[in-house]
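Please find the structures below.
Paired with subunit B in one complex and with subunit C in the other, subunit A is shared by the two complexes that follow.
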Partner chain A sequence: MGQYRAWLEAYGAAFLDAAAWTLGVAVASFVCALLWGAILFFLRLNGGAWGRRAVDAYVQLLRNTPVLLPIYLIYFGFPLVGLLWPASICGGLALVLQNGAYICEIFRGGYKAIDRVQHDAAKSLGLMPWTAFRKVTLPQLLVHSIPALGNQAVLLLKDTSLLSAITVVELTMQAKVLTERTGAAYAPFLVAAVFYLFMVWAIEFLTRLALRGVRWR
Partner chain B sequence: MQQVWPKIFARARTTPAPLASVMVLLLSLAAGQAQERSRLDEVLQRGSLIVVTLGTVPPFAFKDDKGELVGFDIDVARLAANALFRDPNKIEFVIVTSDGRWPAIESGRADMGVGGTTVYPDRAIRVAFTRAFIDSGISIMVAKSSGIKSLEDLNQEKYTVANLNNPQMADRAQLFFPKAKIITFDTPSGEFLAVKSGRAQALQIDTPTADYFAATSAKDFEVLPTLLTASQNNAIYLKPGDFKWWLWLDTFVSELRTGSLFPKYAEIYQKWFKKEPPPQKFYLPPAR
Partner chain C sequence: MTPSDLWVLAQAAAISLLMALASIAFGTLLATLLTPLAFAPWRLLRAFYRLYIFVVRGTPVLLLALLVFYALASFWGRISPYTAGVVVLTFYLAALIAEVFRGGVLAIPRPLWDCCTSLGLPRLSILRRVVSPLVARYALPPYLNVCVMAVKASSVLSIISVWELTLASREIIERTLDVYRVLAVAALFYFIMCFAIDRLGRQLESRLAARGFAGERL
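Let's look at the complex of A and B:
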């Protein structure tokens, strides 16, 4: 164990920095992906036949390609049209585009789980469409969606490791750099794994908290 | 004590999942520490040599047009197999990415490693190296369109240099062009894509690899005439603590570089670098 302690003392600070990057990219991407997913879901619901088709095509395309592909395309492709965005933005955008598609599907599933009768009942009570959405649809939609959204947040967090391929020094890249410097086979990846574990654990905790929040209604 | 144990077990049941997983990881590491007999005996008994290598660093170790693993370092490994078994084909290659090299020997997946791997004191704490079998300098390749002609040109804030994630390059960037921005990739292909796409204007790479790429894509890239280092020791690496195995490998490299195997060394050196190797001893003429 001694070697691990010495190792942590020498390189612990670098890991904290990398963990901040992982967390920052993951949180920002997830918030944007939620928004993007909600917009897609809204278009699918209210955009008519063409809106539905367009969103479905988008979801199919993004869901059925490995996320590393859009990451590479945006990072190495955008400079060719003169857009030199930082690597973290490029990677984050790719994560938002894909996770938005997944989240749109989660919302769709949650919406379908609401009994048709609920909508009819809201209408017969004379609720305006917006009020019906806010008071009847949304609370149930959230109850149905939150566990899956928590899952998606975990997946997104782990996908941030792919940003190591485009020079973002997040946890995985930091582990790679340190394993290259020190020749330590396991310690860097072990430390990274522990960071990921605790982050996932925090997401699970927040998911439970959020679920309790909406169930209270 | 009788009262304490049930309490500990009672607590263990409520240990949060992350902690339990960490404990499992640590236990599995501790299990790998047991001492074993020399790897040399194991290799001889098995009748073949398992070598971990990289597949993306021409002309040291790379896949040729037919998809075959070839290169100078691959030939060195084959010479080792030949010295052990009188057969250069009694060998199995494990191809990994650069940061997969250390786990491959630490875990015992491979007997030794070779392939564009540089001796570095930070690494030598945990990895054993033989003496060097080749001097490989580090060169800077620049995009021709950048107009960079020297290291002094490069040392400006407006330039970005693509590195690999190894310590040599990070340290040399600090030393030679501290003002330039550094971005770090885990494969040479990432470095080249970065320069081609305009994300970086230059990249650091082993001199023989730079020469190889400059020959194949001469219209886009140029190798700066100044070397970042004239000498960089590339060697065979292995799991530390096995004196018998290390001694055999080090003796092999010594014979290769300065002794009985020098003619064969000169042959593969000529084949991959198109020039004569440095003389085997300072008082001997350069020819074989």
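Let's look at the complex of A and C:
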């Protein structure tokens, strides 16, 4: 037991630091991905036939390739055009691009789940298009999307582990470094896993809370 | 990028696909063992199922891969990253597929269960003649989704030094700095593999539907 305490005292701070990086990158990427997904969805809805085709092509391409490719594309590709960004920003941007595509699909599904009659009712009440969107479409869209968005947040959180491939010291990288430095067989990975599981549990809790909030209104 | 690099990438893509297919096969087997636990009469087994799903779905595949790679290495000495990769993907996909199967079982309408019991069908016949065909029917579309995820997840194994499409692209990039073209080719390979699985699956679905086994008609 004393051995574990010594271990924790020596490396606890490093783990907390790494967990903060993981959480920070995940939260910032998720907020930006929500925005990017909303923009894509808006373009798909109002951009005419070409807008729709362009967004669909983008979504299909990113949905059918692993996240590591955009990560490498930005991390190795941007310096070639003179953009020397920190690795965490490059990785975060890649996560935003990929998850934006998924979130656009989630919004599309949520939109399709809204009964046609609702749009007709809004029109027949004489609501202006923007008001109809804000008061009728958007709330229902969000209600339908919340479970899938929570799921996507979990996926994004797990994908931040891939930033370890481009030198960001987040939880997975920290666990790997400590394993190699201390000669521990696998204990650091178990600690990192506990951190991830706690965050996943928190996301699921928040999703349930959000769902109850919108249902209650 | 030279034609020989292209050939190297094609070979790497084949390895990615093989890793994914092997893990899907083993994962499906493991999932058929896991799903019954979700409906087991003992609370302990159900708790074990829930814990397994939560842990495997709640930790990144990369972390699982590193864990298995290092942990197995500490027990049995260094093991091949390919073995570790298939083991990890198998555990990961089994969790996803088990949930897909569980969803399929839950989708079976309640009256059907009552019909089976009132007909006095033995348990094994219920499983073979009623449950499995229906689960296959309900679960095929999400199952295909998991297969596509398997191909994408195999890219993570590049980090535990499994030489597949992502690692091969990274090697070529580091040698030639030809980032855009190499990654475009790699993305194209991944896209073709995922798209092919999706299309083949849909074809299978419609063929099964024509035989009244899956799809809209019951």
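The rule we apply is simple: the second predicted complex is superposed on the first by the 214 of 217 C-alpha atoms of A that agree within 3 Å, B and C clash if a C-alpha of one lies under 4 Å from a C-alpha of the other, contacts with A are read in each partner's own complex, and residues count from 1 in each chain.
What we mean here is this: contacts are C-beta pairs under 8 Å (C-beta built on N, C-alpha and C of every residue); 3 or more make two chains touch, one makes a residue touch a chain.
Small disclaimer: the values here were computed from a predicted structure and weren't measured.
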So, on subunit A, is it clash or fit between subunit B and subunit C?
clash
Would you check which partner chain A:73 touches, where first means subunit B only, second means subunit C only, and both and neither mean what they say?
second
Which partner chains sit in contact with A:158 here, subunit B, subunit C, both or neither? Use first/second/both/neither.
second
Of the partners subunit B and subunit C, which touch A:182 in the superposed model: first, second, both, neither?
first
Using the superposition on chain A described above, determine whether A:201 touches subunit B (first), subunit C (second), both, or neither.
both
Output check: A:190 vs subunit B and subunit C. Expected answer is one of first, second, both, neither. What do you get?
both
If you stack the two complexes on chain A, which partner ends up touching A:119: first (subunit B), second (subunit C), both, or neither?
neither
Would you check which partner chain A:169 touches, where first means subunit B only, second means subunit C only, and both and neither mean what they say?
first
For A:87, select first, second, both or neither according to whether it touches subunit B, subunit C, the two together, or no partner.
first
Between subunit B and subunit C, whom does A:52 touch in the aligned arrangement: first, second, both, or neither?
neither
Following superposition on the C-alpha atoms of chain A, which segment of subunit C from the set 21-29, 75-83 or 111-119 overlaps subunit B?
75-83
Check: subunit A residues flagged as touching subunit B and also subunit C 76-77, 80, 164-165, 175-176, 179, 185-186, 190, 193, 197, 200-201
Using the touch definition up top, name the residues of subunit A that touch subunit C in the complex.
60-61, 64-69, 72-73, 76-77, 80, 154, 158-162, 164-165, 171-172, 175-176, 179, 185-186, 189-190, 192-193, 196-197, 200-201
Subunit A-facing residues of subunit C, complex:
54-55, 57-63, 66-67, 70-71, 73-74, 148, 151-156, 158-159, 166, 169-170, 173, 177, 179-180, 183, 186-187, 190-191, 194-195
Mind pulling up the subunit B residues that touch subunit A in the complex?
16-18, 21-22, 25-26, 29, 98-99, 102-103, 105-107, 120, 122-127, 165-167, 170, 183-186, 190, 193-194, 197-199
Please output the residues of subunit A touching subunit B within their complex, sorted ascending.
75-77, 79-80, 84, 87, 164-167, 169, 173, 175-177, 179-186, 190, 193-194, 197-198, 200-201
